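See below for the structure under consideration.
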């Protein structure tokens, strides 16, 4: 992949900013905000792969995030404090769940696809909500401790979690970037753009969708597991319809089908929920109106509309 | 014997949509390198025939063979891998993608690297070279990065055919390739088809009789879902039944 | 025995309220292909408007009607100025109407604060009604009666009136309906208004026992969605049957098998969507 020198400089600047960030800012609050942005960006980037690039509007994606979160929390509580176990299981559960969803819903046409993903997502929510004895039900699971990276090294402290999230954010970004610039990624876009034609060009469309779904599931599970450790608390909200809807809205707000769109969208929404919320109680109103205006007038999202691309996705 | 394997063979095809009988006992075969043109009034079932041959829809009864293989229930993408390609009557490209990206999708479709997800496509030299070759061959360099929806209709129809060629297919199904084109554009596309590799078998649906007679080795006439005449171009031109039903309507 | 009857009553009355929401949702989706996920927001505003009007006028009837009317107006405005632009874009409609739900929730917060307040029940409904030895909660019975009456009126409207026939025709095939000279946009607006009206009424009537807790808007919306998917899009019969079934499962579930209750409700939705997306009584393809 050839990048212009301008693009390399941009990467470098962003990388330096991200690495130095916690030390440059006086308050832990901003580090925490950016950590949240990093974690949720993994989630929204993963959703974007399926919804933005492949054109599959899933309103049940929080199921993968939530199941990853609950897996990590449950393992912490009942099995072991090992971080690697928690993360890998979270990733696996997310992927397996995504495979199950895909097997059920990929044949469902049109608007009913949106509904079936919603319903499947709600089934997962129903499980974490209902299984009080195991998942704590409505109360959630508080007290998810800090996991061990190695036998005597524990992940703890805001700055440590920041870098922890940053590492996986970068890995995810890299994975998504590789996928969307690859032949596979181009086919996903082709499926989105004209599903009839692409079938006749020799592509097993179902298989592409299936694979994209599973990859998305893995990454959402990863995001959920990291969130679980960082937040110290998982609740049914992490697998809720509201979260699924919000994730999709963020993807569109930022720019669906673009690499940096989900990140930009996540930043904007986290900003509105935290910074703007400090100035006005009406942050939910602001959020709702932002979404409405985006759907009506800026369907291509922030990144799509301004053509600002941190990285281009076609050589 | 190898010589006996037809490129396309359809046997006793029937297709019913609810109460409508779209195909009625259709049988014919096409040899390698043959140019078979299918004509008939609108709604006669020609596109339905294409849809059954390409696998878009299954027949109610009957069989389809491509290159000697029974493909009756094979999904479209598998037929493409056997060497078949089709164009559509109403331009069916990827309007929001560039010409380059459109052709890329056609080239990658039959390429073994189509599941590769760890390397950028720009790094796949053979794919990129193939796209360049096609664009140069058909003289479309200036449109390389234009969005297909912004191309003129005539160029779009050309791209339709190029997409079918990109996979190196041995069998092309062209559905009204000259539909909606101006006389000059029609000449250009007709010429393009005539200059295709003679090893490639063509199955063409045409509405323009001049083009049909120009392109065809053999012709089949459809009416109400059934074959009412088939044979060499000369025979069809003289067939009174055909004249009555179809040519008379011109 | 008494317990069972009380639970049945609770389930059926909840089902009736769901029916009010589901009717609007199913007609709007079946007729206009619009997925209006702001019905939960309509419910919420309906609750509060009912409270305010009943406080100022002291009249229960007026409060319920006012709720219906206000929400009806909001609905028509949404359809006219927003949803009409998103024709045949189901995802955009979903997301837009979800956005509106956030807005409505915040407006409710802004005007009425976060407290749960409910409409004053009419005086004649404060004492249990006794049939034999069993005392029935009067308000629940009242809601069931109202629901049945409305269902009956809707059925009459759909089957026996000219306008109803127009609606049925347009659900079946709107292009032909338009071709027959039916003023389809006006019909659409009317149906939307009716759907929103019923949602508002649901809020006013149902507030007292569904409540207005955080997330109530989406919760009732999702239940209504299950109802219309399982019952069949565009079908009033499906909405009624579905509502009663879901209402009963929800109620009995929470009491007798709370851990599985919600799962039991969503499972039929998945099955129907995977097997027969048009639902039990629906006919849309």
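Things to note:
Letters A, B and C name the chains as they come in the text, with residue numbers starting at 1 for each one.
By our rule, a residue touches a chain if its C-beta (ideal position, glycine included) is under 8 Å from a C-beta of that chain, and two chains touch if they have at least 3 such contacts.
These numbers were taken from a predicted model, which means no experiment stands behind them.
Chain contacts in this assembly form an open path, with each chain touching only its neighbours along a single line. With respect to chain A, maximal separation of chain centres occurs for B (centres as means of Cα atoms). Here the chain at the heart of the structure, going by C-alpha means, is A. For the pair chain A and chain C, the distance between C-alpha centroids works out to 33 Å. The mean-CA centres of chain A and chain B are about 42 angstrom from one another, to the nearest whole unit. Spacing of chain B relative to chain C, judged by their CA centroids, is 51 angstrom. For chain B in complex with chain A, the residues that touch the partner chain are 54, 56, 75-77, 80-81, 85-86, 88, 92-97, 101, 104-106, 108-111, 113-124, 127, 163, 167. Residues 57, 59, 104-105, 107-112, 114-116, 118-120, 122-123, 125-127, 129-133, 137, 241-242, 245, 248-249, 252, 281-282, 284-285, 287-292, 295-296, 299 of chain A are the ones touching chain C in the complex.
Per the touch definition, chain A reaches chain B in the complex via residues 1-2, 178-179, 181-187, 189-190, 193-194, 196-205, 211, 314-315.
The part of chain C that touches chain A in the complex is made up of residues 33, 35, 82, 85-86, 90-92, 94-96, 98-103, 105-107, 109-110, 215, 218, 222, 225-226, 229, 258-263, 265-267, 269-270, 273-274, 277.
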